[in-house]
Every structure is written in C-alpha cells, then in structure tokens.
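Each structure below is given as structure tokens.
Consider the two complexes below, in which subunit A is the common component and subunit B and subunit C are the respective partners.
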Partner chain A sequence: MIPVRRFDAIVVGAGGAGMRAALELARANLRVAVLSKVFPTRSHTVAAQGGIAAPLANSTEDNWHWHMYDTVKGSDYLGDQDAIEYMCRRAVEVVVELEHMGMPFDRLENGKIYQRPFGGHTQSYGSAKMAMRACAAADRTGHAMLHTLYQQNVRANTQFFVEWMALDLIRDPQDGAVVGVTALEMETGELHVLQGKAVLLATGGSGRMFFSSTNAFINTGDGLGMAARAGLPLEDMEFYQFHPTGVYGAGVLITEGVRGEGGYLLNKDGERFMERYAPNAKDLASRDVVSRAMTTEIKEGRGAGPHADHVLLKLDHLGPEIINQRLPGIREISIKFANVDPVREPIPVVPTAHYQMGGIPANYLGQVVAPEGASKEAIVPGLYAAGECSCVSVHGGNRLGCNSLLDLVVFGRSSGEQMAKDIRALPRPQRNLPKDAGEQTRARLARLDGATSGERVAEVLNDLRRTMQAHCGVFRFPDDLAEGVRKMKAIAERAGRTFIADKSKVFNTARIEALELDNLVEAATAVVVSAEARKESRGAQARSDFPERDDQSWMKHTLWFKEGNRLDYKPVHLKPLSVDTIEPKARTY
Partner chain B sequence: MNRVEKQKLKWKCRRGLLELDLVLEKYLDKYPEDAELLPLLELPDNELWDIVAGRTDDYDPRLSAIVARLRAI
Partner chain C sequence: MKLSIYRYDPDKDARPYMQDYEVKLEPSDRMLLDALVKAKAQDDTLAFRRSCREGVCGSDAFNINGKNQLACITKLADLPEHVSVRPLPGLPVIRDLIVDMTQFFKQYHSIKPYVINNDPPPERERLQSPEEREELNGLYECILCACCSTACPSFWWNPDKFVGPAGLLQAYRFLADSRDQAASERLDNLEDPYRLFRCHTIMNCVDVCPKGLNPTKAINNIKEMLVKRAV
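And now, the complex of A and B:
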C-alpha cells in the first residue's frame, strides 16, 4: 500500500504563484500542503529582475485600461481579454498587498512606490509616451517577492514538503475530478499519495527543453507532464519567448546594453551581418529581428564554432574602460561562462529561450478547463493551475515585460480564493480514493527501477535540447519543424526506455532526473507539434513560410493532447468582462 | 562523504538562478565531496551569486578558502 496523507488543499510548486495561493488557503484556516523539489526560496521566481507591472500612477498618469490595451497588443491579440481585464484591474490591489506584507519596493521621495518605464508599457492606448508602470526592488524584484511570500506562509503555518517531487495527478474515473497527487519523498525514496479536495499546479516553466535557456535546472515542466499524462491538454505551447543574446552553451543573458554601447554581431566570416537585415538600426533592431537574423546566419552555414551553431558578439573595440565602467558584470559573465575575455575576444552567443507563454489551460479563477462534450472549456473538478505552468491566457502569443510577476500574484491569489470556496462547498469527508490510485506512478517507477540497460538519461536529454533548439527555436522553417516532430517522437520513445545504474532509493538524484526527463518530453512534444501545425507568424511564433499573422484562420488557441499527439483548437475570448473588445490590428512599436 | 551525503550536496546545488546552477555543477565535477560548500548553500541565491561573482566580500571570513575556490571555477 502506498501511504496516504490527507489535506484540504495541495499546492505543487513553491514559486510566486504557489506561495501566493498557499497563503490564501492557510489564511482561510484550511490544511494546505506545499510540495517543492527544492527549498521554496530557491524557486526560479528568484531570478526575475525587472519588476512587477501595476498602474499605480505614482510617477506618470496611468490606469488599468491602458495596461490592458498594452497587454492585449503585446499578446498579438491571442490573449483572452476577460482574463487580461481581470489581471490589470487587480494589479494595484495585489501590489499594495505585497507592500503591506513588507516587500521592500524602491521608493520615491514622497514615500510612494517608485515606478520605472518598461518596453511595451505606454500611456493613452499605445501612444509614444511611456507609462512608468514597473514596480521594482532594485534588480531583485522576484527575490524580494519570493522571500516576502515565504515569510508570510511560515507565519500562516503553511506546511511545506521540501525536497518532495510530485509525480502524477490522481483522478476519480467517475467524473474525472482530481483528488490528489503522487509524490516522491527524496529523503527516503518512498512514494506517497497526498489526497486533497483541491490541487494546484504551480510548477513554473519548461525552459530546460532548449539547448540554450535562461531557465534554472529545476524548470523541467513537471506540472505540464503531470497534466499531459492525466489526459489533459496543454495550450498554446508553440509560443516561447526568446532573448537574442544568451552565452552559447550556458544560456546566461548578455544584456542588450552591450549592443547599445556599440557592441555588434559577427558571423564566422567576420561579417557584421545585421547591416544586411536592418540597414538602419543594425544591431539595435528589435529583439525578434535580431534573433531571426542570427538564426538565418546559422541556418545558412555562416555560424561560428566547430558546430557552426552560434554567432559572435564583438565588443573589444569599446576598450576595457567602457566595458568595465558601463557594462559591469559582462566581463565576469563571459569569462566564467564562455571562457573568453571580451576585452580581447568576441563572446559566442545564440538566441536563448526565456519564458513559456503556453501551459495548462485555466480560467482567471485558476480552474483548469478542458474540452468535454460540447464544451471546449469544461471545468476539471479539483484541479487548478497558476503561474508560468498555466495558460490563462493573459500573455497570448507574447508576454509583456513585468507581467510575469503580476501573473503569479494575481492568479496565485485568485486560485487560492477559488480553491477555498470550492473546498468549503464540498462535503466534509474526503472522497474514497480510486482503487488504483498511484498505480500509474508505481508502474513508471517499477519500469525505471527494473531496467538494467537502455537509454542514458543525460544523452536523451541532450538530444532533446539540441533537437528543440535546432528545429523549433526562435525562427521556424517548415522542413525543420516537420523533421523536429519526427525526431521528438523518436526521442519520446527513447525516453520510455531509459535506465539508471544507481538503484538505491534514498536520495537518488539520478532517479529524479529520469522523472524530470519524462516531463520535459511531454512539454517539448507539445511545443514542436503545436508549432508545426500553426501556419502563421504571431507573437513569439515566427515562421519563414508564413511570415504574417492570419486572424482569419489562426486567431484561436491550440490544445495539444498526449494521447495520439492530437491537436484541437478553441476560440480566443475576445469579450472582456466590462469594457469593449480591443480589436486586432497590426502590431507595430 | 558517503553516497547519500554526496547526493544531498548535489541537490542543494540546484538553485533558482541559472548562473549558480552552472558554477556549482562545474564545482562539483571538480570537488564532488566538499562539505565546506554546505554553509554557503544555505544563503539566498542572489546573495550567494554576489559572493561567487566577486561583487561583495561581505561573508563569514571562515569561508574565504571555499569562496576562493568557487570564484576560481
């Protein structure tokens, strides 16, 4: 028998969204368990630098209507306008609440929260005047938020299960309701069932699927894998945001400031290729233009290095003084992660995956929704999703800067509120668990533990990451995509035959890595299959063969299902909650 | 260090910041059994990165040897 523990609510993931939801539940005097693979304050939320968007109007005139307009436009009109209105209307409230919890925001002289401008945030519905909307705690906003939320949870007596990895959802076959999760306690290697009346997935992104990624190693799409294996779809996974200049082989970002100070990109022939793609702006063209040009150079055989798979960022001509004074940290990053001193040599760089816009389909109350019968959005009882692992969808085809931290707290809170409400409406006793609860997980573990030969986890992971980078990166070509779908199918089959040499139970990290690979396989398959099928360019999906947005055929959300690699589609919510629809138009900045 | 201690050390090197993941992974390749790393791993990610990247020398002086090794990675 797998041991069972019972709670009112289970939260999987202890980043910003999971901790905000947990706080809501704990404050409602519900018994809440938060599971996290790593210590909560080591969640990837800690890496968010820029800020959290909220129209406080402390420095410039601002209001939620303008914020909403910018977010809809930024999404390339794929965002659901009801959810976007909900998020922008609650932004001020959640930021003030964080302030009251003690989050150390930067201040103006009058004591109000300091706000700075950020790309894409404007006044008066896209005018040339920038809105100062980003609230920040130096360049450590995510860190400050995560620590604040953790402390509040400790105070509210949230129960944390640290170094516990959730593995699968448990659904009641009668009505599909989610009634708990299986989880591996790393300390003992034992499998447990955690039963709850409401389960929230808040496991973050899956950026480790790309060879070049800014994401920490923990971002393996665990909640996405759990949802997919439980028969639920993943929405709009083809939309992945990239930065043009990550250090080749490491993923650590080189700020755009380097090009702003006069640094420029070279191909293997030493040609300043941006002059061909953007004769005026050259290396200062927008992120997507630069990323596409870099990919084209690499694809046409002009990439640098033994694999001809990156380009070079030259800044030695700026001289050591400018590099040291105006670009602090760049020298140490390139020496540490690229093994080159930029004072003498160019830095190898490549477009680098950063943020997943798609995820587990949820509405703005955090309830997971999936097609059932005539409905494309039937509520899955007992299951909720928030944060980067979810697709609400407020980011649509592309996310606006500073809206990710906002997403975490707004939808972390709304999920927590909804979960508390739903739990109170249910009968007091827990349902009986299905007879085979946990068997799916037990079978996965038994296969892994029983295999004495097969594929090595690290090799399959490496092939997956290289395949995704080469076939489904920032600029997508039809032949590559088709080949990518074929290769990912083969990789998924290999992932089903992995083996680990270390069969020990207690703290076996090789076992954890094998289970993480299973999750990445689901997420990556969803990305490449969805991208291959979407015959248009919109937001972060840029295709060479369909360079334009096609609202006639493609203003719809993709739903990918693991079973049969099947796709379905559902309409975009064009109707906001209380205001008029923001009509699609060409997205220019 | 026994197997479990080594594995625990490895898992504590899983961080929220990619920069630390990369440095600590390389460090463990070179020094897989360095228990002196443990007190540093208790620090919040950004504080630890500031120390590793040499942006601050504000740390317990008893850790100077391990910090020097980390910075040399």
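And now, the complex of A and C:
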C-alpha cells in the first residue's frame, strides 16, 4: 500500500505563485501541504531580475487602463482581456501588499517605491512616452520577492514538504475531479499519496527544453507533464518567449532593466539598430520584436564577434554609480559569465529561451478549465493552476517584462482565495480515493527501477534540447517544424526506454532526472506540434511561410492533448470585465 | 580535468570514499558545475543539488579544494588541474554531496526572518528613505547557501545553539529595517552566551561568502546595539 496523507489543500511548487497561494490558504486556517522539489528559496522565481509591473505612478503618470492596453497589445491580441483587466486592476494592491510584507524595494527620494521603464510599458495607450511601471529591488526583484514570500510563510507556519517531487494527479474516474497527487520523497525514495480537496499546480516553466535557456535545471514542466498525463490539455504552448539578452554562450539572463536604465543594443558596426525596427520604443519594444530584430541583424551578417553570432549590449555610458546601485547583479553576472565588466565594455548577448506563455488552461480565479461536452471551458473540479505553468491567459502570444512576477502574486492570491472558498463549500468528509490511486506512478517507477539496459537519460535530454533549439526558435520554418514534430515523436519513444544505473532509494537524482524528462517530453511535444499547426505569425510565433498575423482564422487559443497529439481550439476572451474591448490593430513600437 | 568527489550512499556504502572522475572539457564549459554535470552524465549515481546555475538559488554549495563555494560560479580557469569536491562540512551527509540542512534552516527560522510591524497597514506603501533602504544592502542579498555557517567552527561545535553567520546576518537585516518594530524582542532573542556570542570573529564567513556579504560586520552591529541598549 502506498501511504496516504490527507489535507484540505495541496500546493505543488513553492515559487512565487505557490507561496502566495499557500499564504492565502494558511491564513484561512486550512490544512495545507506545499510540495517542492527544491527548498522554497531555490525556486526559479529567485532569478527574476528587473521588476514587477504595477501602475503606482510614483515617477510618471500611469494607471491600470494603460497597463492593460500595453499587456493586450504586447500579447499580440491573444491574451484574454477579462483576465488582463483583472490582473492590471489588482497590480497596485498586490505590490503594496508585498511591500507591507517587508519586500526590500528600492526607494525614491520621497520614500516611495522606485520604478523604472521597461519594454512595452507606455503612457496614454501606446504613445512614444514610456511609463515607469517596473517596481524594482535593484536587479534582484525576484530574489527579494521570493524570500519575502517564504518569510511570510514561515510566519504563517505553512507546512512545507521540501524535496518532495509531485509525479501524477489522481482523478476520480466518476467525474474527473482531482482528489490528490502522488509524490516522491526524494531523501527516502518513498512514494506517497497526498489527498486533498483542492490541488494547485504552481510548478513553473519548462525552459530546459531548449539548448540555450535562461532557465534553471529544475524548470522541466512538471505540472504540464502531470496535467497532460491526466488527460488535460495544454494551451498556447507554441508561444515560447526568447528573451533578447541572454549572455552569449552561457544563456544567463541579463535583465531588460539594463535597457530600462538607458542601455542599448549595437550591431558589429556600432549601430543602434533598434532605431530601424522600432522607431518609437527602440530598445524598449516588446521582447518578441527585439529578439527578431537581433536575429535578423545576425542573419544578415551584422553580428559582432569573430563568428558574427551575437550583438552587444552597451551600458558603460550609464556610469559606475548607476550600474552599481541599480544593476549590481548584472555587473556580477557579466564579469563571471562573459568576462566583461559592463562599466567599461558592452556585454555580448543573444536571444535566449526564457518564458512559456502557454500552459495549463485556467481562468483568472485559478480554476483549471478544459473542453467537456458543449463547453470549451468546463471547470475541472479540485484542480487549480497559477504562475508560469498556467495559461490564464494574460500573456497571450508574448509576455511583457515584469508581468510575470505580477502574474505570480495576482493569480497565486486569487487561486488561494478560490480554493479556500471551494473547500468550505464541499461536504465535510473527503471523497474516497479511486482504488487504483497511485498505480500509474508506481508503474512508471517500476519501469525505471527494473530497466537493466537502455539509453542514458542525459543523451535523450540533450537530443530533445537540440531538437527544440534547431526546430522551434525565434524564426520558424515549415520544413523545420514538420521535421521537429517527427523528431519529438522519436524522442518521446526513446524517453520511454531509458535506463538509470542508480537504483538506490536514497536521494536518487538519476531517477528524478528521468521523471523530469517525461515531463519535458510532454511540454516540448506540445510546443512543436502546436507551432507546426498554427499557420500565422503572432507574438513569439514567427513563421517564414505565414509572416502576417491572421485574426480571421487564428485569433484563437490552441489546446494540445497528449492522446494522439490531438489539437483543439477555443476563442479568445475579447470582452474585459468592465471596460470596452481593446480592438486588434497592427502592432508597431 | 580530474575530479575527486566525495561519495557515500547509505543504501550500499559502509563508509564514504573519494572517487576520481576524468572529465573532458569543452570550450563551453566554464564553471565547476559544468564539469560536475559532465561527470554525472558518465555516472548517474553521482548525487548533488543544483538549480539556477548562476549563483542566485544557493543549491550547489560544496567544499571545493578545501573552501566552501558555489560550483556554478567557480570558474574552471581559476582551479588547478586536480579538484576535490566534498559536501559542506559540519552537516550530516545524506548522500554524496547532499547534506541535511535542517539545522541550518532551523537557526534561520529562529531569528523570526520577517518584518514585524503592528501598525495597521496604510493604503499605499510604507515610506522608507533611500538612506534607510541603503541599510539593507549587503544583508538582504543572502541566498541561504550555507557556505558561511558551515565554514564557522563555532557553528560546527554548536549548530543547535549558535545561530551562525547566515542566521545572524538575517537577524541584522530585520534589525536594520526602518519598517520593523521588534528590535527589542529581536535583541532579547539573541542576548545569550551561545546564540550570538559564540561568534569569535574568525571571519571565515566573510572569506567564503559567494555573494561578497559580511556577516561578521552584521554580528558586530548587533553586539553594538546590545551595548547601546544596556547603557
């Protein structure tokens, strides 16, 4: 028998979204278990740098309407406008709340929170005047936020299961309700069932599917794999953001805040090329726009360096004082990973896989939704998703900088609130677990432990990452995509035949990596299959054969299902909660 | 390059041993973590923690050639041809390079690592001048990697009683926050022959901190606050 533990709520993942939700649940006096495969402050939220978006209007005029407009435009009109309104209207409140929790924001002379310009943040509905909307703690905003949220959870006595990896969802076969998860206690190798009335997936992104990525090793799309194996769809996975400025060769992130503070990009001729691509916003255009411009410069032979394969990020003109005060982490990273001191020399950078706009379909209350009967968005009882693993969809085809940290706290909080409400409304005794609860997971583990030969996990993983890099990058070509789909099919089969030499029960990291590979396979397959099918260019999806956005045929969300790589589509929510629809138009910066 | 790595799996090993790995480096391998990942690709039984690979998550602190450091920001070019990697000293080993950090986090939790302010929260942010905020620099950046506390002899002898440099750095981070109102409670919590005063200013913590922070200075500031309070 697999041991069973019972809770009111289970939160899978202890990054910004999971910990914000956990706080809400702990304060509601519910019995909450937070599972994380790493100690909470090691979650990847820690690596966010530039800021969290909120129209505090501390330095420039600003309001949620402008923030909402920028977000809709940034999404290339694929974002759901009800969810975007919800997020932007709650932004000031949740950021002020973080400050009250003790988050060490930088300050202005008048004592208010320091804000800087960021890509796509404008005043007056997309005018050439930039809004200072990014609330920053130097260039360590994610670190400051994650630690603050952990500290508040320490105060609230949240029960953490540290270094427990959730493996599969348990659904009631009667109505598909989610009633718990299976999880591996890494230190002992024991498999457990955690039963709960509400389960939140807050497992973050899947950036490790690309060879060159800003993402941490742990970002393996675990919640996506869990959802896909449980028969749930993944939404808009083709929209994968390439951040313009990853350190050339290392992939480590250099915040857009560098350009927010006045840095800019140069090609090999020393030309500030963004002036050609985005005459108004220049280097502070949306990330998809800047990444395409950089890739074009490189492709047309204007890249820098002996291989003409990167561009340069210049910031020495800001002076050592600004760099040390506002961008100290960037200086540290450049010296360590690029052998360049940005006080004197520009940083070599390339577009680098960074953020997954798609994910598990959810509404703005965190409830997971999937097609059922006549409805494209029937609520899956008991299951919630928030943060990068979810698709609410506030980011649509392209996320604006600083909207990710905002997404975490807004929807971490709303999903926590909704879970508490739903748990209270449920009948007292918990449902019975299905008879075969955990069997699916046990079979996966048994295969791994029983395999006496096969391919190494690291080899399959490397092929997956190279395939995604080559076939699903900044610019996408029809033949490449079709071949990518074929290759991912083969890789998925190979992932089912891997072998690990490590058979130990104790902290078996080989087993963990094999289980992570299963999740990455689902996420990567969803990306390439969805990208191949979408015959248009929008946001982060730029196709050579369909270079234009096609609102007539493609203003709709993709839903990918694991079973048979099936695709379905659902309409974009064009109607906001209280204001008029922001009508799609040509997107220029 | 040659790596000697501490191995111990309680499932099968009677005692720990050092295992040698020959790793072929490529030009793209810059940091020791890259070499460790290569070693693990050869031998998947090698166990260690790692995540962000850029020095902000604090997962991959090991004892590298005798000094506690983060593998992901330790440059291969700065290391000799032969490198030995051991778990952080002073904490129980779970397996290979993975240590049990329970005691370390317990001490961190013991200093109440959160701002305490019992005034009703204002509608907007609490104000803090840039100078007041500046007081938190060099404190809030801690990544809880435990390089410092596990380099501290006082922490080795009394991990249950001495808060240790990481915990004390954070204790001062909250004492130094203009928004916090619990200074006297915090000082009471530390005024103890062990919790604070086991620091003998050896300064190993300063020497090893991968983020360039200075726990000794923070500890001295706390001591000064205690003295000021006494007079």
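Just so we're on the same page, the second predicted complex is superposed on the first by the 483 of 589 C-alpha atoms of A that agree within 3 Å, B and C clash if a C-alpha of one lies under 4 Å from a C-alpha of the other, contacts with A are read in each partner's own complex, and residues count from 1 in each chain.
We adopt the following convention: a residue touches a chain if its C-beta (ideal position, glycine included) is under 8 Å from a C-beta of that chain, and two chains touch if they have at least 3 such contacts.
The structure displayed is predicted, hence computed values, not measured ones.
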item: Superposition on subunit A - do subunit B and subunit C clash or fit; value: clash
item: Subunit B versus subunit C as contact partner of A:252, first or second or both or neither; value: both
item: Partner chain in contact with A:337 - subunit B first, subunit C second, else both or neither; value: both
item: Greater subunit A contact set [subunit C / subunit B]; value: C
item: First, second, both or neither for A:47, with subunit B first and subunit C second; value: both
item: Contacts of A:140 with subunit B and subunit C, given as first, second, both or neither; value: both
item: Touched partner set for A:573, first subunit B, second subunit C, both or neither; value: neither
item: Touching partner for A:508 - first (subunit B), second (subunit C), both, neither; value: both
item: Partner chain(s) touched by A:217 [first = subunit B, second = subunit C, both, neither]; value: both
item: First, second, both or neither for A:376, with subunit B first and subunit C second; value: neither
item: Residue range of subunit C overlapping subunit B upon superposition on chain A, of 113-121, 203-211 or 221-229; value: 203-211
item: Common interface positions of subunit A, toward subunit B and toward subunit C; value: 38, 41-44, 46-47, 140, 143, 147, 216-218, 250, 252, 329, 332-333, 336-337, 504, 506-509
item: Residue ranges of subunit A touching subunit B (in the complex, touch as defined); value: 37-38, 41-47, 140, 143, 146-147, 163, 186, 213-218, 250-252, 329, 332-333, 336-337, 504, 506-509, 512
item: List of subunit A residues in touch with subunit C within their complex; value: 38-39, 41-44, 46-47, 56, 96, 99-102, 104-113, 137, 140, 143-144, 147-148, 151-152, 154-155, 187, 216-218, 249-250, 252-253, 329, 332-333, 336-337, 456-458, 500-502, 504-510, 513
item: Subunit A partner contacts - residues on subunit B that touch it in the complex; value: 3-4, 7-8, 10-11, 14-19, 21-23, 25, 44-46, 53-55, 73
item: Footprint of subunit A on subunit C - complex, ascending; value: 9-12, 28, 30, 40-41, 43-45, 47-59, 73, 75, 94-96, 98, 101, 105, 109, 112-115, 117, 121, 123-130, 132-133, 136, 140-141, 143-144, 174, 177, 179-180
